[in-house]
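You will see two complexes here that share subunit A, one where it goes with subunit B and one where it goes with subunit C.
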Partner chain A sequence: MTQGEMEIQLLAVVVAAACALPGTFLVLRKMAMMSDAISHAILPGIVIAFFLTHNLNSPLLILAAAATGVLTVMLVELLMSTRLVREDAAIGLTFPVLFSIGIILIARFAGDVHLDTDAVLLGEPAFAPFDRLIVGGRDIGPRALYIMSAVGLANVAFITLFYKELKIATFDAGLAAALGFGPVLIHYGLMTFVSITAVAAFDAVGSILVVAMMVAPSAAAYLLTDRLRDMILLSVALGAASAVGGFQMARLFDVSIAGAMATASGLVFLAVWLGAPRYGILAGRQRRIRQKWEFAETMLAIHLFNHEGLPEADIEHRIGHLEEHLSWERDFARRVVRRAQSNGLVQRTNDEDEDDLLALTPQGRKAASEAIENL
Partner chain B sequence: MEQLFSDYTLRMVALGSAVLGIVSGGLGTYAVLRGQSLLGDAISHAALPGIAIAFLLTGGKTPLALMIGAALAGWLATLWIMSVTGTTRIKYDSMLALTLSVFFGIGLVLLTYIRQRAGAAQAGLDTFLFGQASSLVRRDVVTMAVPGGAALLLMALFWKELKLLAFDPEFGRTLGLPMRRVDLFLTALLVVAIVIGLQTVGVVLMSAMIVAPAAAGRQWTDTLWKMVLLSAGFGAAAGVTGAVLSSTGTGLPTGPLIVLCMGVIMVLSLLFAPNRGLAARHLRARRSTGRFQLETVLLDLYALGMQHNDPLRPHPRGAVQAMRAKEVPVDRLLDRLEKDGLVRRAASGWALTDAGLRNVETLKEERT
Partner chain C sequence: MNIRVSDPAAIEVRDLTVAYRDKPVLWDIDLTVPSGVLMAVVGPNGAGKTTFVKALLDLLKISAGRIRFFGSPYEACRQDIAYVPQRGSVDWDFPTSVLDVVMMGRYGQLGWIRRPGRRERERAREALRRVGMEDFAHRQIRQLSGGQQQRVFLARALVQDARIYLMDEPLQGVDAVTERAIIDLLRELRERGRTLLVVHHDLQTVTEYFDHVMLLNVRRIASGPVDEAFTPDNLRLAYGGRIAFLRSADAAGPSDAIAP
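Let's turn to the complex of A and B:
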């Protein structure tokens, strides 16, 4: 990789990590779509700040965008407080209107603005190395890398400082309010950081794909762990991996870097959805199969237990009879008996005979009586 | 306005926007009622890779082929959302955000792939991002109207099933209706409504066309068919107004203008709709507080009188005021009650009339 490519790769990783931090809380708080709403709705804020400063790198842009993001959240909550529309409709009404205002402002003053709607929506990290940060006459690297790192560190600081508050407000808002942690304040604080991250990531990945970087790694991490700390770390790691994979893919096929990063994050999520050890669908399917057999074995043990030592045991304790009594297919019944046998629950009197008498082992008797008790 | 009938381009743009407004407004009703307002946003973004693949396969910009590609991708995205939320603990909102952005990313990868392969031949494909209503021609309008009309027709044919789905799917299931299939069917209709709008208002703003007319229509009525008609009407009105406005201004994009018109209709509905609207609610609240205060003063006079075992005994206004917080405008309330003949001025203050006493008796019954 050339130095430029290294810088793009590094920027992509920093963007992904910075986005994953607030993203974790969005996913847990069921507010993932707020990232979509905010990343679109901050457009008018950026445009107006740009009109005032005529400089796309002005820190005022970040401040204005953050303010617009918070304004969006307030508007959504104002709409909801009328109780005339639901939360999803309130979000779906607010951000397209704000975004439209932004687009119209750009179109109206297109003559004197070097702000492209395409760039706003799509972003492209490939141009980042051309905009250098010069300090004291020395070139110290791409400006975007520094901005994004600062935002990432701000996110880290926010989450570390208010970890306890965020955690309680996320999992038990009522308790947080009772303890005086101000869940509303935490909510707006989080939304401010989502806005700041969204605007800083604008140049690199655009307003739609920033949503992918916030939500996809965090959703994948949510399927891998039950601990908040681990989930945050995992989502940062998965985000970084998506950034690396995405950039390499983009290099290979010469396609949009931001798009490839989002695609990679989707693939990471797909892999986790399929293969997660506990919550993945393959693990779930295996668990269901295992449970089916375990249930059948227990049924068999209970059946034998019920008739044990009684006169009818001679008829009831035969594989052939299981078909009738438990309405099992012959083949299935045979497999259940074989499993129960190898698990030490059941003994056969004559291994040669297809339809010999079955008997519970002491272990099988214990399992059956325990199962009956648990009912 | 005159231009609307003379200018061919404007007529087509207005017609196309109206068709879009009617279809998305009508079908959006169900999305909003079912709390799936943001599903439209996910579908419209997810359509992008479908458009790109259709372009790659057909090698050209046939509107119908692109529409079919978009519809398939949007439909696939919905299935993926349903299956992940159905099999894991991932929440619906996470899946919406994830799907819309990841599918959009895939679409972007494909678009850039097409761009470097086909060069300039893909001009116009980008219009799906923001829409380009001003480029609508008769053929586009027909391509929008035919599937859109078919979707509305199907909605009318399966009216009963869809109504059950929106309000009481459990009841539908007990009636033996395949509600899951009805759900998939409705989603397919929604996909059609979204896909026909992509070329006009674009990926980002399409969700507003689904949500806003229906949310506005909801404020005016509690009856489903009225709500469907109203939101279709609102959608059409916003579409035509936006199209006309964009033709008058210099270089104002149609899509955002339509969305802004829709926003204005929405705000007006929230404020001024009868019954549900905020203005109506405010008036109602004021009227009932007023009535409540009048009744309270009447009851207070009675209670004061009963302390002397004479309900008709007069009391000075100061005594009546002392019964309540000083914000209660006792003077005005007493004047009003006097006008209604329920109290009268006596030498030593205010007293209940016979009519007032009868009123008190019924009030006492009402309040216990």
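Let's turn to the complex of A and C:
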């Protein structure tokens, strides 16, 4: 692996980690789409700051873009506060306008500089190693890597310092406000960090990858844990894995690096969504199947319990009768009986006979009476 | 008029008006809650009960009026006031544990940045014991039943160790056992001199559970000790004609009342 390739992967890992940190809170606050809005709407901020400074590397670009990001959030909330537009529509109305202002400004006034519209959307991490940071005449590595690391560390500092505040404002904004933690302030603080992250990452990897890295790893981590701290750490890990995996995919198939990384983050989410041990689709299906059988066994036990020792028991306690009485298919009834039998709830009086008399075991009687009590 | 009252009321509300644009939600409310009482706030749906609690907590902009707690405005005595929001107002799928939620009640005392430590954990455990949930400390909150969620919220208010408790429907959707346990706890708080203002939806139990009541329907219809304020006439004023059962409730006492 060449040094350039190493640098690209390292940069992508740092971008993924930096994005996953605020991304976790966006996902928990049901504001994932805000990352899409912010990562696009920062464009006019970058363009205007570039017109003012004529320098693509000016830190003013990041500040102006971050301010545009916060402005986007404010505009969305202003639209919502009129109660004439819902949040999703407000987001959909705001960011295309701002984004297209940026595009028009580039097309009209900056046709000849390195601010082209393709790079804006998809980005090109492969170019990152060419822009070196030179300190005192020495090349110390790609400039983007340093910028992204600084932003990543700022995110770590923000979330570590205000962990408790972010948690309470996200879980219970009402209580946060009542206790004096100003959830609106925390909200805009978070949005500022989302914006700074988005603009720094956008320069390195493009806006689609920013959205993917903010949302997919966090949404996947949400399905894997029940603790906020673990969710943050897992989303960083999953983001980093998507970045490296995406790069290897891009190399293997010779395709766009940013595109492959975004795809990898989607695949990671898909795998978790399907296979998460507790909240995944497959685990849920298995649970539902198990519950179906358990419920049927309990129903059988209650049915036997209700008629136990009564004259009609001789008729009621037969598989054939379950068909009429519980409207079970014969095959299903047999399987339920077999399961209840192996779980020690039910005994058969004659294993040879298909339609023999069923009887509850003491354990089955206990299960039935407990189920009735818990109704 | 510089008269100093030696023992100001726990909550004093004067001319409180809250409006969404030109539509008043609360209209010119005056209310005095004496210290050490257990007061119910009742009224029909849309009467502004939740809005009233939120206005007290400075959670929304009031159009007019003045609110004092022991003579001070809310910002001056946040620590003295515990808030139990409606159970449905938070996301119970949030990735956190029961103990963690209860510790949030200590965040106000901790202030910005400082993290909860061993002392906060111990107090949270103690509060969970008091609501009978000590075994659930490390449970993920999404596994709780409605009644358990309510107990957790109550424990979170208990760790605040406040003088005034504002509760929005703490008995909403809980089972009979939990309701009993919560009421016992509210009474215990009252015995220890705390003041409780509780939004309540079940008219049948008002006389049994509470000693004071406010009837609210955008305006304050009546307030005071239950036997003075909770009268059929006042209820009719608050609820309109929809309370035919009240006559029998009035005659037979709360336990024999027929559900509306």
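Please note the rule applied: the second predicted complex is superposed on the first by the 372 of 375 C-alpha atoms of A that agree within 3 Å, B and C clash if a C-alpha of one lies under 4 Å from a C-alpha of the other, contacts with A are read in each partner's own complex, and residues count from 1 in each chain.
The rule we apply is simple: contacts are C-beta pairs under 8 Å (C-beta built on N, C-alpha and C of every residue); 3 or more make two chains touch, one makes a residue touch a chain.
These numbers were taken from a predicted model, which means no experiment stands behind them.
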Partner chain(s) touched by A:V255 [first = subunit B, second = subunit C, both, neither]: first
Touching partner for A:R288 - first (subunit B), second (subunit C), both, neither: neither
Which superposed partner A:L161 touches (first subunit B, second subunit C, both, neither): second
First (subunit B), second (subunit C), both or neither touched by A:F99: first
Partner chain(s) touched by A:S265 [first = subunit B, second = subunit C, both, neither]: first
Which superposed partner A:R138 touches (first subunit B, second subunit C, both, neither): neither
Contacts of A:Y222 with subunit B and subunit C, given as first, second, both or neither: both
First, second, both or neither for A:L84, with subunit B first and subunit C second: first
Residues on subunit A lying within both footprints (that of subunit B and that of subunit C): 222
Sites on subunit B touched by subunit A in the complex: 32, 35-38, 40-41, 45, 84, 87-91, 93-98, 100-113, 116, 126, 129-130, 204-205, 207-208, 210-212, 214-215, 218-219, 249, 251-253, 255-257, 259-260, 262-263, 266, 270, 276-278
Residue ranges of subunit A touching subunit B (in the complex, touch as defined): 26-27, 30-33, 35-36, 40, 79, 82, 84-86, 88-89, 91-93, 96-97, 99-101, 103-104, 107-108, 110, 117-118, 121-122, 208-212, 214-216, 218-219, 222-223, 250, 253-256, 258-263, 265-266, 269, 273, 279-281, 284
Subunit C-facing residues of subunit A, complex: 28, 161-165, 167-168, 170-172, 174-181, 222, 225-228, 230-231
Complex contacts: residues of subunit C adjacent to subunit A: 54, 57-59, 75, 78, 81, 83, 85, 89-91, 94-97, 100-101, 104, 107-108, 110, 112-116, 140, 142, 156
